[in-house]
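The next block holds one structure in the form of structure tokens; read it before the comments.
Order as written gives the chain letters A, B, C and D; numbering starts at 1 within each chain.
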């Protein structure tokens, strides 16, 4: 047992894990966090707390994760390499671990020129793979990067990484994931899956590399709210592939029924993804749509969550 | 186009073999640019309009020896006409013209469109083959 | 070579004008525009031709703004070489302020040499680049002082990848192989992957690269081997 | 009288001593001669061109008597006062009319042919020396897009040539081409032989323009002698070619004004015109085709269009 977190217990026990995602408020008001926590408690095993998503300033991921702990929900703290250099990252990890945060997701982070602070000085001191290796070194050897004196106290971490099977160059993506697993990733949350065939192909390559045993893979799921949102994601968000069949279905659905259609498509995808060997769970990214997550999980037949 | 120069100088005497190799290499440089050099030097109408565009010329108080066409004609023109067989002092003069009086900043204006920097660069490469470098 | 581009003329004139008001020198301010025949000339930002155009423009602006400023110009071979800055000593003596049309290094060197007179930069130094074509330059190197080109088939991830990632492409590559930052910037890692694949060095991409060592990145001082004796041991570290 | 070129726009600073020893035009005299003199112009790489030139002329004159059937008819019909055709065309016609026919007839065609071939050879040589440039797509990041680029107008305004020199050479070249083409006398001949003729300008204007051309030629000759930076480059060859260019204009002017009524004047006029035509591709007048190819096709800062080729051919 590496961290004793609820997510790790579920995955070790072999259950089909479910995680959700929560965007911290763009301010200091803790009320929205509490409201979302109530919605998600008991429905999912852990909740991702984004770290200044798409480079837009939000409450920090550690603070919001600590608030979630207070409401009895297990957070997965996202850590980007965009904003902090290696000193800040390691001190944040130690701080979060002290606050009781067990899960950490190491991602590169969206480029700052896409957010509301394009003038910021970029950091990117280390990249996501090196962050995974750094977190493992802190947990296993209790050593800060490039130093030999041990940190005091345990650093229980369940290290997660992101994987994007749908971004070019496609042939390299499986090996890249295997590289991150070798770096020390314990679980992975992929980019949202719409093209299940492409995802299956990627999973097949990952299985051939034997990376799916050491690192639990959670397929990313985004319920589509409307056709306009689907088209926006295809055109602007890099690395997302939505097959035409889903797009036409979303376009056909009338305005008020579009949301229901989206959730319907979402549950179909979940059912198909469950059949793929090596997928250990799903990660539902319903930002600003948290109130629909219980319905999605229930429809996918994944309730009640194992204790 | 490696025509012509291959059979040059394989005598056994060390001194002359070395110079033969140098001459062969100079010949190869000239051979590669032969057409461009002859075409450019023939096309040059000696109008000296390129002088004003050269800051070395302007900065040196308009000394004609800094005008790009003068540099080109007196470096590569001379080397080409004598097929690289210049005396040591002439090569020193060529090297001082090609290096000290020219920054090779590629900005000389030629109304006819001759690429003067390539000519001077060619002269520099011949000097380098000859083992002559800026002081 | 170092690539630079001219600052907007208004910005240059504003610098000189604010100095003019502050100083109130005799009847007019004599500003010497110092061009550079090296990289600034090659990238068409600070060569003789540009500083003449610049002087004409600034003179017009000065006349229309009724600010008594006169512009003279000289181009030295390289502003980063002390020998060439000596040539213009008398002209600097006769001028009140200097407008340097060289890269950042040249402007500072001019400023260090003639410290009693203000030196205004006329160019924004952009990057270390290659001249792809006449007038078209692309960035290639950020001078990070520990080159990794050996591991990435000659494409610098620090410069040409907007996130400077050292381990393989990030998740943000678009379908056509360009970067998430947009406006068609190619993803450096996609091209690195292509090249490594063609060169049969794919395994090297899959090795985990340790974080970059950013030590020795302060003010760089280079003492070439064999010259320590001349300039004393470079001990400051 | 030392021709003092107006101070160029290049150095707008007030004239003042510069640390380098100032550069007086007068003293230059001594220093220029100190520079090594150029070898005799015959040793230039252009020797093959000139040998080719004389060969062709000799052949033209040799070929004249047999093939002049067509021209003699036209010559008789024109009976222009300039040629001494008053004597009856007996079997031993005066050498002058033979030469005149030769110069006007086959020699002209031959020179035109040779010039055409020469220019074609230059075009082929040019094509072989340059390679096509393949434009790759480029992407501009936001930062470098903001970098200010001087507008085309600014770049052209800071062009690097003198206003005086620019107008002089432009008008010189313009009239140099226009006058022979639009001359009424030439059109007359053209019309009679090919029944087609270019529009022609009235003779007094043509005459005045020829004088302008000759004056400009003199200006360039003076410039070549007096301006140090040009004199240091000039060789006898340059002077010869300049006089060659002015030859037809001067002789044409003298012929038009009947300075001397000897037939040799017309022969000189036509012969020098033939020589001029012939010299274009093989001597430094080759800067005419070179300019067209280089400034239109080769990419460079001063290329007129976005050049698609670059120096450095396949060799």
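Basically, contacts are C-beta pairs under 8 Å (C-beta built on N, C-alpha and C of every residue); 3 or more make two chains touch, one makes a residue touch a chain.
Only a predicted model underlies this, so the values are computations on that prediction, with no experimental measurement involved.
Student: Going by the touch criterion at the top, tell me which pair is linked by more C-beta contacts: C-D or B-C.
Tutor: Pair with the higher count of C-beta contacts: C-D.
Student: With chain centres defined as C-alpha means, what is the inter-centre distance between chain A and chain B in Å?
Tutor: 65
Student: Would you mind pulling out the distance in Å between where the CA atoms of chain C average out and where those of chain D do?
Tutor: Chain C and chain D have C-alpha centres separated by 45 Å.
Student: Using mean C-alpha positions as chain centres, tell me how far chain B is from chain C in Å, no decimals.
Tutor: Going by mean C-alpha positions, chain B sits 31 Å from chain C.
Student: Please report how many Å separate the Cα centroid of chain B from that of chain D, as a whole number.
Tutor: Inter-chain centre distance comes to 27 Å.
Student: Can you list the residues of chain B that touch 2 or more other chains?
Tutor: In chain B, residues 53, 58, 106-107, 109 touch at least two other chains, as defined above.
Student: Which chain A residues sit where two or more other chains touch them?
Tutor: Correct list: 113.
Student: Can you pull out the residues of chain C that are in contact with at least two other chains?
Tutor: If we look for residues of chain C contacting two or more partner chains, we find 44, 48-49, 74, 87, 162, 181.
Student: Report the topology of the inter-chain touch graph, choosing from line, ring, star, complete and other.
Tutor: Contact map by chain: other.
Student: Chain A touches which residues of chain C in the complex?
Tutor: 162-177, 179-182, 187, 190, 193-194, 205-206, 208-212, 214
Student: Can you check the complex and tell me which residues of chain C touch chain D?
Tutor: Residues of chain C touching chain D: 5-8, 32, 44, 48-50, 52-53, 55-57, 71-74, 87, 89-91, 94, 124, 126-127, 132-136, 138-139, 162, 178, 181, 183-186.
Student: Which residues of chain A touch chain C once you look at their complex with the stated criterion?
Tutor: Contacts found on chain A: 81-82, 86, 107-111, 113-114, 122, 124-130, 133-134, 145, 162-164, 167-169, 172, 175-176, 178-179, 182-183, 191, 238-239, 241.
Student: Which of the residues in chain D come into contact with chain C in the complex?
Tutor: 9-14, 16-20, 133, 135-145, 147-150, 154-155, 157-158, 160, 299-301, 303, 307
Student: Provide the residue numbers of chain B that touch chain D in the complex, in ascending order.
Tutor: 1, 32, 35-36, 38-53, 57-58, 60-65, 67, 69-70, 73, 80-81, 106-107, 109-115, 118
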